[in-house]
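Below, each structure is written out as structure tokens.
Common to both upcoming complexes is chain A, partnered first by chain B, then by chain C.
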Partner chain A sequence: MVSLRAEGLQKSFSGTVALNGIDLEVKEGEYVVILGPTGAGKTTLLRTIAGLARQDAGHIYFDNQPVDTLMPFQRGVAYLPQNYSLFGHLTVWENVAFGPTVQDWNPHRRDQIVREMLNLVHLSDRRDAHPRELSGGMQQRVALARALATQARILLLDEPLRALDARLRVELRQELRTLAKYLGITTLHVTHDQEEAVSVADRIVVIRRGKVVQAGSPREVYEDPSSPFVSNFIGEANFLEGILSRVDNNFSIIVLKDGRRLMGRPTSVPADSHVVLGVKTDFCEVQPGKSDAQNRIPGTVVRSLFAGKRKTLEIQTNIGLLKAKVPSDRSLSEGDEATLTFEPENGVVYSIPSEGLRVALEVE
Partner chain B sequence: MSESRELALENRQSKSPRRRKTFLDRVSRTRFVQGWYAVVLSFFVFFVLVPTLFVLSFLFTGWGDLQAFVFRNANVMAQILSAIGLSFSVALTVTAVDLIFGLPLAWFIVRRQFPGKSVLNTLVDSPLAVPTAGLGFSAALFWALNPAVKPQGLSLNFTNTPFVLIMLLHFTTTFPYMVRSMSAILEQIDIEYEIAARTLGASPLTASRTVTLPLFRSGIATGSILCLAKALSDTGGVQAALQTANLFAIQANSCSFTGTPSGTVLIGAWRTLGKACPAVTSQLNAGLAFVAILMIALSIGLLYAVKFVALKVRFPLKHVWPGIERKLSRGTAPRGRDLASFAFLVLMILIPSFFLVSFLITGTKTLGSPDWGMFGSSLGFSFLVAGLATLIDLMFGVPLALYITRGPSRRFGSLLDSLVNIPYIVPSAALGFSLFLFWKPLVDAGALPILAVIVLAHVGFTIPFVVRNTVGALEEMDPGLDETSRTLGARPLQAFRRITLPVIKPAILAGSIMAFTRSVGETGATLAVSPQAITAPVFIVNLLNVKTGNFYLAGLSVGILTLVSAGAMMSMRYFTRRAR
Partner chain C sequence: MPAIRLEGVSKRFGKIAALQKVDFEMQDGEYVAILGPSGCGKTTLIKIIAGIWPPTEGRVFIDNRDITGVQIEERDLGYVFQNIILFPHMTVKKNAGYSPRVKGLTEEQIEERSRKAMDLVGVLGQQGYLPSELSGGAQQKASLARAIASQARLLLLDEPLSALDARVRVELRYALRRLVKDLGLTAIHVTHDQEEAMSVADRVIVMRKGEIVEVGEPTHLYDAPRNLFTANFVGESNFLEGTVDSIEDGKARIELRGEHYLTVTKTTVRIGQPVVVAIRPEHLSLQPEDGDNSIQARVEESRFMGFYTRCRLRAETGDELLVDLPTGDPAVEEGTDSFVCFNPDFILLYPRPVEGLGEALKLE
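Now for the complex of A and B:
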């Protein structure tokens, strides 16, 4: 087990910046998820840590020892690439035994560890199969066993569940976490799927355009997002633009352009500045009928999207289209008059992003 | 479960003691790898590329000779220009006709499922097994008006025009390359595009013409380039055909030849005469150099012209005539098209290629006093040269391919990639003569055996096969395989040996067998380096001589060489198929 630290990592490919000064700290045995939209630099970050790409600037430390000059085979990192890269000409057993074999372990110890790893991923009975004969989930488990068999100190998972279908994905992500925790291996798991991130991580590091935008426990990044982007990327949020008219220790008051006053959390943004109030759709409630009381925005239901236990209601108000996720048994349907409401503690105040709200939310 | 956990933890804690540095560690060091690449690159530049183009320097060093013996000698100049004109006009005509008949056939092979598909594939490939000298002999027996020997009435007695005869011969040598390279690329084009176009209302002809054909430009380019190179390069086939048809003969005692040779045959003839008539060697060398320079420059120019036309020029393909094209897509038109290409395959390719068999059965079986010893030693010499050349191809070609695909600089890699094609597109007789001039000082000083120069010449025109095939396989290979193996602890050399090599092995094998068979069948390069080196094809061409030759023995020798090449091709198929 080993801790991992990255400082100011920079990397660009012929003009395109992939990593733009990434700082990262992972404690021994911690399960950290790197979450970001496609093209945020997640894969490059993993490849840099594995030694497959060399950073332009910055340093990487394992247990406070710099590893910048080490070749991949000297780093002791288990890297699981997106498409698994199983060796097609080798059997399951030979795939898993690959690391120990090229590292010249004694055959007895090698066979023992391969057997253990195959047991661990429940594939002992398929040891003589070739990868192409296995299902997607099995292939993923072979790749995992192969990575773990090297007794690596750090496990790097690059979108490990991407190629699997939805149901299997949910099943396997818990298995992954259980296994990593059981072996106590320090894990860095990259994904663009916020639901996956929230459900397996000890800590989430959100990156965007090659930069860390927020790091914290799943709960922290969900409930206390540091920017409109994070707020909208993990879950979904309504954004209400206005002027911050008053702040004190208990709440802040925002005046919208139609003169409506809304209450949100206290904030460090100075009063009278142009702000945006972010409210997660999960934390919005909808009441039938029109009401203009405090923190209430009246409108008309224009769409109702059923999703099992909860449904999403889209409400057209005079300040724009707002969404709320409510229990499905709410008897509101398209065309009904309704009022959207939220608790002041769920409204987070951000100063308006300099590049404009639309650009700040872009998932590219 | 808990047991396994203890084991895993224990294993992790018991850090393995630092291993002593092994051989593998040493050769995996960056400096060693860079050193090896440097050796490979300098081999390619100084032993392949520069010698191939060395003859161009004759423009500066031998300007006086060129003026005296070529430019001011109208006779020589006329011979050179007619030979080069013949070579290029035939090559261009053959390529155009091959395209017209090859495209429907390639389409048919790739897009249709029918019983006997593999038989058709084998039939298309089969002329490749016959050495070109044999194809020339066989085609001339079939087509030529009054060939030197008559295979009792079965032959067509069709022509005695050199242009027509050489063109008919080159169909047999080039058509398999055209169909093969076009079908290989057509196979990679997703049929879904065409299906989408058809559901949008396009007729089959419109769909394939406007959707698939534009995606297919690289196939047309590759096929045309292979075809041109093959037709321009051929020496043995043309010489065998012309001699069999009584259209060309070398008269060593009068230091001249009769008839109209092609460019490469002219090189071979002048080299032979140069040995026989030392008095005129320097005149002949000036002429040779000029032919070689012209052929090299023109063929490289042609390569880029074809690439440009096939890949960049916009053809007016977009306009659609729905009514006409729909009519043409149905009924007799497509059937006629397929029928025409099949008829072409049978009449122009298969029968002429294997007409020799009828001669061997019905011809006058006069073996005279066959020089079996000479035949054996020529065969042995051919295999020695081909074996050594293939070995060198492998040693340097595979690392070169690695450097091209995985080297430090993409741009330099793709530059190298296009340079590798130069020795292939340069006619092999010109390449041979260029190498002869390059190494002449060392050979004359006795420092280099002529065998080495012959082998290097064969390396020149065969190494592209190994490099091209390996580059293709490496580009298709998932780079993640190699990377993952390295994170699992494999040193670069281990990763290559255990992961990359098994994946690209079939391609390397295919490339080296192609190189080997091509080398065994080569005449021009060998003759141009040394007219005294008797490889099997040279032996055959020498036998095809009305006065001193022995046609039946030549036919038998062709048969034996064909069996050997066919065996090599079969084993290639077997190995590549098994690897899949």
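Now for the complex of A and C:
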């Protein structure tokens, strides 16, 4: 078990900046997810840590020892790339035994490890099968067992579930975390899927355009997003533009274009600033007809999208189209007059982003 | 107007039966999702409807016209692929205008149609770009614009969102449904993602192993699936094996492992019958004391998941139970004992499958 630290990592590819000063800290045995949209620099970051790409500037430390000059095989990392490939002509057993064999382990120890790894990924009974005879989920497990069989100190997973069916992903992500925790291995897992991130991580590092935009526990990044982008990327949010008319220790008041006054959390943004109030759709409620809630925006339900546990209601209001995710037994349907409400504690005040709100929210 | 009917459609590739005697019908203006795990035959089915592959047996009707032998070019449909296929040397606008141009329309008509299509899907601002200059989501929007500009009344969407980031997928779901409904198109949308299927479609066809397992409206499939596989594939469920102990006043008393009992309303089972009890994680609750329809269990894990907290418990029956509690409810400590309360209105009862529960639920 080792800790991992990266300082000021920079990396460009022919003029395109992939990493723009990344600082990262992962404790021993911690499961950290790097979350961000395509092109954020996630894969480059993993490859740099694995030693497969060399950073232009900055340093990487394992247990406070610099590893910048070490070759990939000297770093003791298990790296599972996005497009891993198993050896098609080798059996499951031989695939998993590949690393230890190449590293010339004594056969007794090698067999013991391979047996243990296959056991862990529930594939002991398929040890003699060839990859083509296995389902996608099983192949993924073999690849994982193969990566782990080298007894690495750090596990690097690049979108490990991307190629699998949505429903299967839900099962396997749980297994991944359980396995990593059982082995106590320090893990970095890269994904673009915020639900996956929330469900497996001890800590989430949100990156965008080569920079860390927020790091914290799943709960922190979800409930206390530091920017409109994070608020909308982890979950979904409504944004209401207005002027911050008053702030005190308990709340802030925002006046919208139409004169409507809404309350949000207290903020360090100075009064009279042009602000945007971000409210997660998960925290919005919708009531039929009128409401006397503190924060209320009346409108009409224009669309209802069912998604199982919850449904998303789109409400047309005079300040734009707003969304709310509500329990799916709420009896509201398209065409109904309704009022969107939310608690002041769920409204987060941000200064209007200098690049404009639309650009600030771009998810790709 | 395109109403579609399939009669006894089968497709074999050598010895492999990809589709087995599939019958189904859909109305003009309907949005249908075909949902199932990898290898279930869903892609084969949409390719047969498109005319890309001929069926081995059976017939395909569009508007009561047998089009089984008709080529794809003559079927008047828009097809959007999983792997976004745009003409790489053409701008978005040229791509959108492709079909009208091939049909020999005047420059004015081409301009008008492509402009309208680009406007509808929201890529008008990027009309001068080449596909390589666009993000994945924008590319897929451009291919949608091209499909729409053909003015086909039938839109076939083959995993249209699978190649995109999770967050982008969610945005495009809204866009797809809005578009299809606003234009009054008939749409068939293939996906492995149950949440996507439920949120876009009027009706969902669940497939497995080349056959249709169940067809229904999204709320119906989620709230009252007729089939065990559906109950597990379309959203997560808990499954407990038991036997019908007694029936009184239309209520069945079910004996679970370890002599624990549950009462289930609305049922058609008989005494002594082996059954499976199914219930969604959000329809279970935790209580400090024993009560009706409760089973004692130990909390093994409690995890923040955003608007809900996922608890994993080991019940006295030996079963693992997933319980979703609203975040904000009192915290549940790992390692403590609790009583899991089953809401009788949401318990579903199924005959125990002959092939075994594990096999009946298998995701791949």
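Remarks
Here is the rule we go by: the second predicted complex is superposed on the first by the 360 of 364 C-alpha atoms of A that agree within 3 Å, B and C clash if a C-alpha of one lies under 4 Å from a C-alpha of the other, contacts with A are read in each partner's own complex, and residues count from 1 in each chain.
Keep this in mind: contacts are C-beta pairs under 8 Å (C-beta built on N, C-alpha and C of every residue); 3 or more make two chains touch, one makes a residue touch a chain.
Since this is a predicted model, take the numbers as computed values, not measurements.
In the superposition on chain A, A:A307 contacts chain C only, with no contact to chain B. Once the two complexes are overlaid on the shared chain, A:P131 sits clear of chain B and of chain C alike.
Legend: residue contacts after superposition of the two complexes on their common chain; A:T150 is shown touching chain B, with no touch to chain C. In the superposed pair of complexes, A:P298 makes contact with neither chain B nor chain C.
Look at A:D104: by the touch rule set out above, it reaches chain B but stays clear of chain C. Look at A:D193: by the touch rule set out above, it reaches chain C but stays clear of chain B. Legend: residue contacts after superposition of the two complexes on their common chain; A:T38 is shown touching chain C, with no touch to chain B.
The interface of chain A with chain B does not overlap its interface with chain C at any residue.
Note for the complex: chain B touches chain A at residues 4-5, 7-9, 11-12, 16, 19, 478, 480-481, 483-492, 494, 498-499, 502-503.
Against chain C, in their complex, chain A makes its touches with residues 37-39, 135-137, 165-168, 170-171, 192-196, 198-199, 217-219, 222, 233-236, 282-283, 303, 305-310, 312, 314, 325, 328, 363-364. Those residues of chain C that touch chain A in the shared complex are 37-39, 135-138, 164-168, 170-171, 173-174, 177-178, 192-196, 198-200, 218-219, 222, 233-236, 280, 282, 303-308, 310, 324, 363-364. Only residues 1, 47, 50-52, 71-73, 75-79, 81-83, 85, 87-89, 98-99, 102-105, 109, 112-113, 116, 119-120, 146-147, 150-151, 153, 182-184 of chain A touch chain B when the two sit together in their complex.
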